[in-house]
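What follows is a structure written as structure tokens; I'll ask about it next.
Each chain carries a letter (A, B, C and D) given by its place in the written order, and its residues are counted from 1.
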Amino acid sequence: MEKIGVGLIGTGFMGKCHALAWNSVSSIFGGELKPELVMLAAVDTQVAAARAQDFGFAKSTSNWRDMLAEPEIQIISITTPNQFHAEMAIAALEAGKHVYCEKPMSSSLGSAKEMLEVARRSGRKTFLGYNYMQNPMIRHMRDLVKTGDIGEVFQCRIELDEDFLADPQHEWDLTCSAATGPGALDDFGVHAIAMLDMMDLKISKVMCRMARPYKTRPDQEGRSKPVENYDTTNVLFELTNGGDGSFLFNRAAWGRKCHFVIEVFGSKGSVFFDQERMNELSIYKAEGPLAGQGYTTILSGPTHTPYDCFMPVAGHGLGFNDLKTIEVNEILKNIQGKESFVVDFEKGIEYEAAINAMISSHETSTWIDVASD
Amino acid sequence: MEKIGVGLIGTGFMGKCHALAWNSVSSIFGGELKPELVMLAAVDTQVAAARAQDFGFAKSTSNWRDMLAEPEIQIISITTPNQFHAEMAIAALEAGKHVYCEKPMSSSLGSAKEMLEVARRSGRKTFLGYNYMQNPMIRHMRDLVKTGDIGEVFQCRIELDEDFLADPQHEWDLTCSAATGPGALDDFGVHAIAMLDMMDLKISKVMCRMARPYKTRPDQEGRSKPVENYDTTNVLFELTNGGDGSFLFNRAAWGRKCHFVIEVFGSKGSVFFDQERMNELSIYKAEGPLAGQGYTTILSGPTHTPYDCFMPVAGHGLGFNDLKTIEVNEILKNIQGKESFVVDFEKGIEYEAAINAMISSHETSTWIDVASD
Amino acid sequence: MEKIGVGLIGTGFMGKCHALAWNSVSSIFGGELKPELVMLAAVDTQVAAARAQDFGFAKSTSNWRDMLAEPEIQIISITTPNQFHAEMAIAALEAGKHVYCEKPMSSSLGSAKEMLEVARRSGRKTFLGYNYMQNPMIRHMRDLVKTGDIGEVFQCRIELDEDFLADPQHEWDLTCSAATGPGALDDFGVHAIAMLDMMDLKISKVMCRMARPYKTRPDQEGRSKPVENYDTTNVLFELTNGGDGSFLFNRAAWGRKCHFVIEVFGSKGSVFFDQERMNELSIYKAEGPLAGQGYTTILSGPTHTPYDCFMPVAGHGLGFNDLKTIEVNEILKNIQGKESFVVDFEKGIEYEAAINAMISSHETSTWIDVASD
Amino acid sequence: MEKIGVGLIGTGFMGKCHALAWNSVSSIFGGELKPELVMLAAVDTQVAAARAQDFGFAKSTSNWRDMLAEPEIQIISITTPNQFHAEMAIAALEAGKHVYCEKPMSSSLGSAKEMLEVARRSGRKTFLGYNYMQNPMIRHMRDLVKTGDIGEVFQCRIELDEDFLADPQHEWDLTCSAATGPGALDDFGVHAIAMLDMMDLKISKVMCRMARPYKTRPDQEGRSKPVENYDTTNVLFELTNGGDGSFLFNRAAWGRKCHFVIEVFGSKGSVFFDQERMNELSIYKAEGPLAGQGYTTILSGPTHTPYDCFMPVAGHGLGFNDLKTIEVNEILKNIQGKESFVVDFEKGIEYEAAINAMISSHETSTWIDVASD
């Protein structure tokens, strides 16, 4: 069994999630390429050391650049805030490392393009963290759509709602700053586009409108401070296949914790998925006697590969963190030159371009074409 | 107990629905004004006679104009196809009858305006059939929203999907003809607008895009005939209160039978309703310990008046036809000068104006203001 | 069209429900036998008169025996408390009327047997009110089971829970009195047995245990008064086909409003129904690829006859009161000698016998055979 | 940070599940006691070696007794079939190891008692694998019940259904053999009892009936072979607090994959849990205006500790394997003398005694007392 050395930057939500995945992937999937956890980087030296011990990394550092010169590291996981992605990914690629970066690629289309250019020159592999699509039920949906089980697709609706900014008294913080991006669109948009792409649905035109449920939020002193970006974003789009669709994003949606809903309508049926019930997929097929037609709710199970690698019994349930482990396994397969299901920088830049078109649409209140190159 | 003479035009889906309501309203509600079923009009003489007997009307006719001269009739229910509404309503009003017309008012804004003018001159009462809003759970939603239970509302999403045109082999018929209206927007749009209005939410601007899932449909000989209107319609809008929202309409949505979903987000909570589970309302309130927060699904019951008039026990369930009986009772209360919850032509013309703005938006691909007068 | 004269005793929950059904049945179903509402009886003269006017009965009385001599009445609806059923039904039958009596037949097996004997002698028709089973979705379940769609049935579970006695402070009233029957078993038991019977499932042996969540309840003066019957009842049973099952009844089940759940397991699939979502039926069939198997939730629609008589579109929803209208239509068909789906006294006595076996089981703590004759 | 050496016997469903948990527990929880994966035992030498590498165990063996003499091992995970539990646990305890054994304790009450005796003598810690109860939503339910949020509990219903034996053509295998235990009761019973115990509900009396949906199953040659144990088991019980309840177990329940449903009724409310939607808990509280009462469905989140150790955002979802990681963390806390939530052999023997009473009840068709000592 071969080994691949891993460096991880970040120990927050996604940092831990990556650590768990790197830790578990061999137990779950076996496989011929086994991760070796070489170094963990965190801003604080002590945190880095403590987390490295918990997560099973051999070394730790407060300076992520230490990884660049570390010959035992072949791939670097980047889980820092978006504005640091470009610098880190470029440095890692130039140091000859593969890069596994959390979505979105970067906080601007310009820097994302630079990341792509460096990646192309480097000959290294790039991967973006799009774990939702690794869900066996999502993959099953993809297969149903792509094999024509629901006929020709003419509409896709996606909602992504959470309530982490639903409280108007939520203190003004970086998430409210224009510098970090447009807001809900930035948080959720690329996930939605990736879902379309996965099903071979491409956006040709967009109409986007962003809004601010709360114009101001209290700062630390309790004074009203203007919110600079947008907590809700609604998008209409056309697909290159002539179909249409919508994205509804809301990060101030009281009650919605991870309401990532995907609904696809075709000429022979429809499918429905909701991340809050991530082990279920509902499908309606217009076949058989009408009296017996209805949505069939499938529970995830071993027939929905790779659920079978986690457990041999249906309906017991995967969790969110398991999706990252599946993603890491796809990355390992990709590095070994096997067939795999990953999002690389080439795809990533496509998604960012669509996001950019949405921003333009919002700014101009017009329909904007999404560049096809 | 006073009596009010009723004439009914039409014996189809809505004709029967009106007949049931006029038949049942006194049994359900008691009340001081009792309908007397005077005359039923249908195109075919024999059908008219047979249905009159079934429905309990004293007389029948194949010529609806016979009702105009009938002194015992004070109110006429119009349940014919949309293109006949204007002529019939105007004639009835001019003959001094109250008019109860199924939605939408008419097949064009021009004729709807004429209806309104005649109504104003006539001094008679006008009513439009918007039965969904008579659902006790919908009314409960309205009350929650209007009393501020979910705080200040900043977004409303409405979906209305059915699948009666989902089959691409569905034969070309009048529903596919431009003459009958824009399609899904015409079938569903005013219902959605009425829901907003009911909650005091007014649209200020719209962006609308309609689409054709199937460009052609087979005619009676099996030849491809171009579909002239639109089976899907997506709308983004702004509200006069600064909020926003969306309408997603699809009458080719396999699996959706009456997926009329209304979702409202506010600063303190949110509500969710789905007509396919019309006896339920879900509400999320951001109060109490976070560990106990979630959507509370309320089952309709006697505390949700006027459910109590139908039965004294909760959770047993009202049906779609019951909503029309509630509507008829509101109409009787209105005629008696009591507080009531109805949609008249004044409201109706507002809704039609918003629909018209959507059509303009689709045609020009621009945001269109909705006239406020 | 022929007419049938109707007398109705009672104006409470079920009285109103019968009145509505008698009023609506011709509008819904057409048909060759049209009810004529002749006389309404209620204890109070003024109530009788007022309700007669609301319900559309020609005459009213405070003495139900007035109906017996009324030649225009051919059928009498009995909706009074259980303890009056026997006296009224027997008198009506002896007066040559058909009888339509709310379930259960009577408050004792002895008097129920007497009712049956008189019925047999009288040559009149008898009908019991079992409206739940008239639900098109329940009938669809029955058909699926009887045609073997889910294979050989080996288990049926039924729950019936409501919360009208869930509050321990609910004042002691007649429902708590042993005189009115055993409690939850009395309220719910025959409904459950009727469901089994409908699917040709017969109970051979029972084990029953009743319990008192609250040993006492406050009387009108607030003093603790012992509860004499049982708010919860659990039953295990064997079926004559070798299968088994369970009944769980609870009328102190906070949150359950009409949780009448029926679940049937067979060798090829299973079905699931819940009255609180009475327009849905879920079926699982073990066929096709395992990856696509799941419960299919069917929404009621025109293909589930006689939903089509109420409206031509699926998913709009029937209500509880509509079930009674279907039942009345079945009764009219039965009286005309047509194929129909009703519960008569012959069936009723079978159900009562099974209830009696359950009471014996509770009293003796042993398994009791259910007599098959 | 201290270390604890782990030995694991078994590499099947539960073997892998334990391996994952031992691997992940420090990454998830941090903590002062870090597992060191010392040795893995499997029947086949090569399997043992391969899985040891995947799972991260330093050594492997085909002879589990090799672990006994291994000084670096302090705790042994036993995940073999039930009939091997006693021998292995006893040997491990006698060798001075802590034991972590999958449920149930053993295949007979006698050997379970022996295990307990040895455990008491050994002074070592014992743990049984009851992962469902480690679910944060289950724990939340426990807390609600124990703190009186739903008042005094008077009824608990538990269903546990799966369909791994639903196919009548499922080949006769060990699961059908009397030697392995009574069947569904053996597979599911202790889980249900543990749930009651967790909420301080104790069974005093049981009535049990087991049944065989299919009397025979095909053997490898396709001949009918009698099924020796029971695929369905229904139990009524009384609680020591005067309440009652039921267990319904079915391992031939088409469509049910892990339908572990727990429903508790109290004087102030009720709770509902279904493992197939393991990230949800529904609670009904009889408080506030009746019009707003309904089941509140809570989504798991960071406020439901230790969900927060897995991720900082609600509604993203834990999976079945995560429950084992929580259990392992509780075991580590227990070993360190901290407050913990585990099931040891003392508890385990109580559960087995209740199972034994159920078997006796089935055999004698009588109510059987559950010994309280």
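Methods note: a residue touches a chain if its C-beta (ideal position, glycine included) is under 8 Å from a C-beta of that chain, and two chains touch if they have at least 3 such contacts.
All values reported here derive from a predicted model rather than from experimental measurement.
Q: Of all the other chains, whose mean CA position lies farthest from subunit C?
A: A
Q: Identify the chain pair with more contacting C-beta pairs: B-D or C-D.
A: C-D
Q: So the centre of each chain is just the mean of its C-alpha atoms; given that, what is the distance between subunit B and subunit C in Å?
A: Using C-alpha averages as centres, the distance is 34 Å.
Q: Measuring from the mean C-alpha position of subunit B to the mean C-alpha position of subunit D, what distance in angstrom results?
A: 53
Q: Taking each chain's centre as the mean of its CA atoms, how far is subunit C from subunit D in angstrom?
A: 41
Q: Would you pick out the residues of subunit C that each touch at least 2 other chains?
A: 256, 293-295, 299, 301
Q: Quick check: in the complex, which residue numbers of subunit A touch subunit B?
A: 150-151, 154-155, 157, 163, 166-168, 207, 209, 211, 213-214, 232, 234, 236, 238, 243-246, 248, 250, 252-256, 265-270, 272, 284, 286, 293-295, 365-367
Q: Which residues, counting only subunit D, touch subunit B once they are in their complex?
A: Its residues touching subunit B are 140, 282-283, 289-299, 301, 303-304.
Q: Where on subunit C is subunit B touching in the complex?
A: 1, 12-13, 16-17, 19-20, 23-24, 26-28, 30-31, 34, 50, 53-56, 162, 164, 256-259, 275-279, 299, 301, 310-322
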